[in-house]
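Chain nomenclature is as follows: A, B, C, D and E, assigned in order of appearance, with residue numbering initiated at 1 for each chain independently.
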Amino acid sequence: MITYTKNDWFPAIWHFHRSPTAFSLYRRLIWIGLYVIGVTFLELWMVDLRLKDTPTEFLSTMGILLSLLLLFRTNTAYDRFYEGRRAWGTLVNNSRNLAAYLNAVLPSDRTDDRLFFTKMIANFAFSLENHLRNDEKTAGLEPAGDGELSELTHFDHVPNGVVAQLQLRTEKLYREGVFTDAHLINLNTMLLVFLDVAGICERIKSTPIPFSYSFFIKVFILMYIFVLPFLIIDEYGYLTIPAVVAVSYILVGIEIIGEEIQNPFGTEHNNLPLSQIAHTIRLNVHELMQYYIPHEEKQAAKSNFAIVT
Amino acid sequence: MITYTKNDWFPAIWHFHRSPTAFSLYRRLIWIGLYVIGVTFLELWMVDLRLKDTPTEFLSTMGILLSLLLLFRTNTAYDRFYEGRRAWGTLVNNSRNLAAYLNAVLPSDRTDDRLFFTKMIANFAFSLENHLRNDEKTAGLEPAGDGELSELTHFDHVPNGVVAQLQLRTEKLYREGVFTDAHLINLNTMLLVFLDVAGICERIKSTPIPFSYSFFIKVFILMYIFVLPFLIIDEYGYLTIPAVVAVSYILVGIEIIGEEIQNPFGTEHNNLPLSQIAHTIRLNVHELMQYYIPHEEKQAAKSNFAIVT
Amino acid sequence: MITYTKNDWFPAIWHFHRSPTAFSLYRRLIWIGLYVIGVTFLELWMVDLRLKDTPTEFLSTMGILLSLLLLFRTNTAYDRFYEGRRAWGTLVNNSRNLAAYLNAVLPSDRTDDRLFFTKMIANFAFSLENHLRNDEKTAGLEPAGDGELSELTHFDHVPNGVVAQLQLRTEKLYREGVFTDAHLINLNTMLLVFLDVAGICERIKSTPIPFSYSFFIKVFILMYIFVLPFLIIDEYGYLTIPAVVAVSYILVGIEIIGEEIQNPFGTEHNNLPLSQIAHTIRLNVHELMQYYIPHEEKQAAKSNFAIVT
Amino acid sequence: MITYTKNDWFPAIWHFHRSPTAFSLYRRLIWIGLYVIGVTFLELWMVDLRLKDTPTEFLSTMGILLSLLLLFRTNTAYDRFYEGRRAWGTLVNNSRNLAAYLNAVLPSDRTDDRLFFTKMIANFAFSLENHLRNDEKTAGLEPAGDGELSELTHFDHVPNGVVAQLQLRTEKLYREGVFTDAHLINLNTMLLVFLDVAGICERIKSTPIPFSYSFFIKVFILMYIFVLPFLIIDEYGYLTIPAVVAVSYILVGIEIIGEEIQNPFGTEHNNLPLSQIAHTIRLNVHELMQYYIPHEEKQAAKSNFAIVT
Amino acid sequence: MITYTKNDWFPAIWHFHRSPTAFSLYRRLIWIGLYVIGVTFLELWMVDLRLKDTPTEFLSTMGILLSLLLLFRTNTAYDRFYEGRRAWGTLVNNSRNLAAYLNAVLPSDRTDDRLFFTKMIANFAFSLENHLRNDEKTAGLEPAGDGELSELTHFDHVPNGVVAQLQLRTEKLYREGVFTDAHLINLNTMLLVFLDVAGICERIKSTPIPFSYSFFIKVFILMYIFVLPFLIIDEYGYLTIPAVVAVSYILVGIEIIGEEIQNPFGTEHNNLPLSQIAHTIRLNVHELMQYYIPHEEKQAAKSNFAIVT
């Protein structure tokens, strides 16, 4: 994830063009460039196709429809991105609320249970990150007592496992009388949020924009770029080449950014800083439950967020 | 449901044109093609209609209005698709949360009840799939004790029946003292979600975009395509034929995709993978309630999701 | 309410033009037709107004602004329609959930109370329909014990009365110990939904789009149609008449559909099938509470929904 | 607040032009008229500025951007209007639900308390109306026992005061054992809604669209109208004057309606009928709590709603 | 934060151009001005580039796409602004509700606890303001008993600390029997809101619009402005300079306002009046808990809100 400051347009431009998105853009632009160079020389040196005095108004109506579809594409991609961000934000809020609540309710002599919850709340965020990024199952997780971590490895779906253990411990404390009825009811609202967040993220990851739309926009862009040189060559001459490439840069660029943004859980430049958010959760939960956290952890929660390079 | 990868434009194009949506598109394009061929030859060989030097700017304003209506169509169709997906996502989250909760609350010696809930939570998803797709009532459902499954067949609305049985069992356990007041209150939030999801899906299925809008857009497209050849024939000549067919391909295509997408519970290419989601729920619930699930089930939850061809 | 199938364009077109909306459209188109015929003959036979070589680009900018306002109109009208549909969907979900819950909680020997709730839950939907359509107060309601129905007639606002009786009976059963604290808390979430739905529907019905916007769009359409013939007559000649009528058909049509759709509780073609939804609720509640329901009722819940005629 | 019927275009047009919004529109149109008359005569009789054969396409792109900004303006203003309406709708629903609940829970011999709640629930709506319209603090409020009304006058924020008294009485009845734990928990969901509604209305009132946007749209409109006569004078001649005034009428009109609509709590024509909604609440609460309400009150809740003049 | 009145266009224009946003606008406009002056003189006096008779329709299609992207930019920026405002509105509502509730529940002899909550609820708003604006940690906070304030300084995340203390005190009072089960359950809904609001604000602050979009729009604007003078110079001559600068003023202006608005927690003109809202909360909470508040505090909550200068 990269943030930028208001006045750095040129570093931003430079930086953008080194990203993987940019490279897949270049690849397409090269093909389009070759095509338009071919068409231009064919027209100007050899055949004289009739189409060249076509009215461009006709093209403009199609261009507007294409623009509206690209707006639709951009809106849906951004909605996904933002829904994913909101889900992780909810996870942060919920983790903090749960930690503040448990800190007040769990007596200070229940050190085992206090440690268990401190570690487990943060572990959920890490396990969800691993799950969404197909990382190693228990990367970043911390042990929260004797054996809980190894038990988690039996789960195919580790976030489910973390919640299962949270629920088990909560019920155990309720049976022992540490939690009263009112405590249990209050805790429930918080314990349900974890898997809601996990489910939302999985949904965003597994459901792209319907194939037909995505495909249609691509075909439409191809058709538009295919026809474009014939329509402007008469008036632009050799300038047709840069003009078509520039238009293609914009149209293909919007489509490619849309595809990158719509799954915000990857590790590309535009994606969400899941790892850093997970560290923030760990930091906050430790602070709220009054556990010491080493300085490196604090750094992990802060760094690589607002860095533009 | 088909997902696609960033760089596979050509397989995607090929694949799209073999879908049922594509065939109903071809049928319309053939009629439009015949019409435009007729008009073109009539104009160029016989009568010389006056309309041909009409200003296309006029057409362009109507084209923009039509584009905006198609955007409206696309947005509403997509909203339905996404609302359906979100409802099934909520079902997944809720099933997991309920399983994690019951696993903690139900004592391990209550094997009957544990099995009942394990099977019944997953059965809800399957019964909803059958209900939405008008499949056989109990296809995919698993017995959850003695006779519960056969009782369900008495229900016209099987998802209702599943929830009725979940509520009955919950109340029974509350009466027996297994569930306390706090447990019952906590369970309530989860038990209500099932029928909410069912109702949302039924609503999406039974309420299309208002007839007048849907109709209006169709008439508008017809009028636009009807007038188009007269306006461009003078400048395009025989190229009128491909030009009109290309424009029709785009306009009719957007409308047809809209109709396909707006009911996301069918079994066409763009529709939601209900069956696979139901298997995921079964898999998750079994894992959380610590029941063994055969390997084939695991495959059913994973497969045919990210397959493009 | 009419649904349509993908391939029936021509029946749809025929059907649309027999609706009340269509007739109020015809009336306006006739006036516009007379106006444009007058202008055309005046121009071509008598005076030669200067305006005719005006640049249509200027018209096109105003046309785009008008198109955007019509999109705004369409979006807000559709949002109301859909919000109304969603409210009734919530009513269905809530009625089912309440019936499933009460079926589990009310002992089977409490036949009076079981019957009371079965009838009353369905009565709410019917009373809301009557309220929204200004029908006779108790049309469609069924007696739910001795005298409850006649008591309802004392209420100016019958849906309020139904909820008042549901709350009274709930409280009575709580006092008698049939409902425990936990039951009462769980029931509360469901009992509050009824009047929320009623309030949402009343709000949609009583609050149209602000008068100024609605008016402004009308004036804008009138101005556009008024100016249009002068701008195109030079190039279109007698074809001005069909051209202006066609454009008017589209602009006035979108505005009229917007007005029809924005109050979805009437009995016009595009409106919501309130009566059928109410019957569905009655059917579902009876099934869930295990009461026999006659075959005609089942038909009422199914019929006239997907019929196109 | 004015509603209108489908077919009354001309009364609507007449009525609109007598509203305060219209007069501030006239004032601006007169200035614009003077400006464009000046420009026209200067051009046609004296200097011959070069700009007149400018391509209007350039203007059209800026016109589209301006149109989109006006759409943005319209959408945000309407969202505020509708959010305000929704908040008051929630207030109606909540007041009814609370009354229906208290009617069931409060024993019939608790006449004092029943009267207190009956009066106080309705008083909240009136106090909120006064607060939003800066009316006299206790206008429309009814005494709800001995001294409660005079106590309210000590509050700077009367709606806060009403809720404070509702909470105090609720707590008192809980201490006396009239309300059980379950009652108190159920009541809480309803008692919190009052101040949520108040806060939403205050937020809408105090937070206009950000100054920069509002300003930018104004400057853009001014620039557009300033440049317009130079671009069309060559082709329109003296018709430039009505053309520019007509365009200004539309652009300035949309902006002015936006400003009027975005604060829906005033007393202008388009604003919400707060007073009538408050009377409806009083009427409903009395009916539900079985208190007699005089006929004039019933009229106040019905009248001046659907009146167009 | 600045509000404005309907008729003050000219003070608004004057005021806008003295804001920091305006200055960063000027800086860009100067560069653009130099560029366009250079191009104009080069064209008219020296070289005669071929591009000048290019059809501007082509530019118009790109202009529409750019306009739509700017609309997208504006919408997302405004959504952030409004989401931030809504979060603080929720904080106001919640603080009031909590104060009204505690006032009723806490016995009047519990002066210590009453004072603690009075101070701490308001302190949350101030600590959140400091946190979002990176101000001094405890600026504006008031002591709420012995030592609580100094304890807060140990927290890295002070809002978390405030909630931790609120939860601790609540739990303590529950243990002492001042709060019953029902009280505790009711309080929970309110106590969770604080950190939800904090999390929403942090999310808005730390997640700008994805870098690629933001960058793309900038590049697109640059390309558009770069090409523009070549396209219009033939017809505009020296008027090209003001025309291009005017267009740049609008395009760059919209982009810059978007960047300013999207983080609404700064101290610029358009940002939210956090400090004043926090004072309003303090005022309201004191009034509801019946604590005296000095007159200066009342002024702080009212002033500098509706001031335009």
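Keep in mind that, in the parts below, contacts are C-beta pairs under 8 Å (C-beta built on N, C-alpha and C of every residue); 3 or more make two chains touch, one makes a residue touch a chain.
Only a predicted model underlies this, so the values are computations on that prediction, with no experimental measurement involved.
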**OP:** Please decide if copies chain D and chain E contact each other with the same set of residue positions, more than half shared, or with different positions, and reply same or different.
**Re:** different
Original post:
When the Cα trace of chain C is superposed on that of chain D, what is the rotation angle, expressed as a multiple of 5 degrees?
Top reply: 70
**OP:** Determine the centre-to-centre distance between chain B and chain C, using the mean Cα coordinates as centres, and give it in whole Å.
**Re:** 24
Original post:
Using mean CA coordinates as chain centres, what's the chain B-chain E distance in Å?
Top reply: 38
**OP:** Pull out every residue in chain B that's touching 2 or more other chains.
**Re:** 57, 60, 64, 68, 71, 181-182, 185
Original post:
Taking touching chains as linked, do they make an open path (line), a single closed cycle (ring), a hub with spokes (star), an all-linked set (complete), or other?
Top reply: ring
Original post:
Which order do the chains take around the ring when read from chain C towards chain D?
Top reply: C, D, E, A, B
Original post:
Given the complex with chain A, which residues does chain B contribute to the contact?
Top reply: 1-4, 6-7, 9, 12-13, 16, 19, 21, 56-57, 59-60, 63-64, 67-68, 70-71, 74-75, 78, 81, 85-86, 89-90, 92-93, 96-97, 100-101, 103-105, 180-183, 185-186, 189-190, 232, 235-237, 239, 243, 246-247, 250-251, 253-254, 257, 260-261, 269-270, 272, 283-284, 287-288, 298, 305
Subject >> Of chain B, residues touching chain C in the complex >> reply: 24, 50-51, 53-55, 57-58, 60-62, 64-65, 68-69, 71-72, 76, 155-157, 160, 163-164, 167-168, 170-171, 174, 181-182, 184-185, 188, 191-192, 195-196, 198-200, 202-203, 206-216, 218-220, 222-223, 256, 259
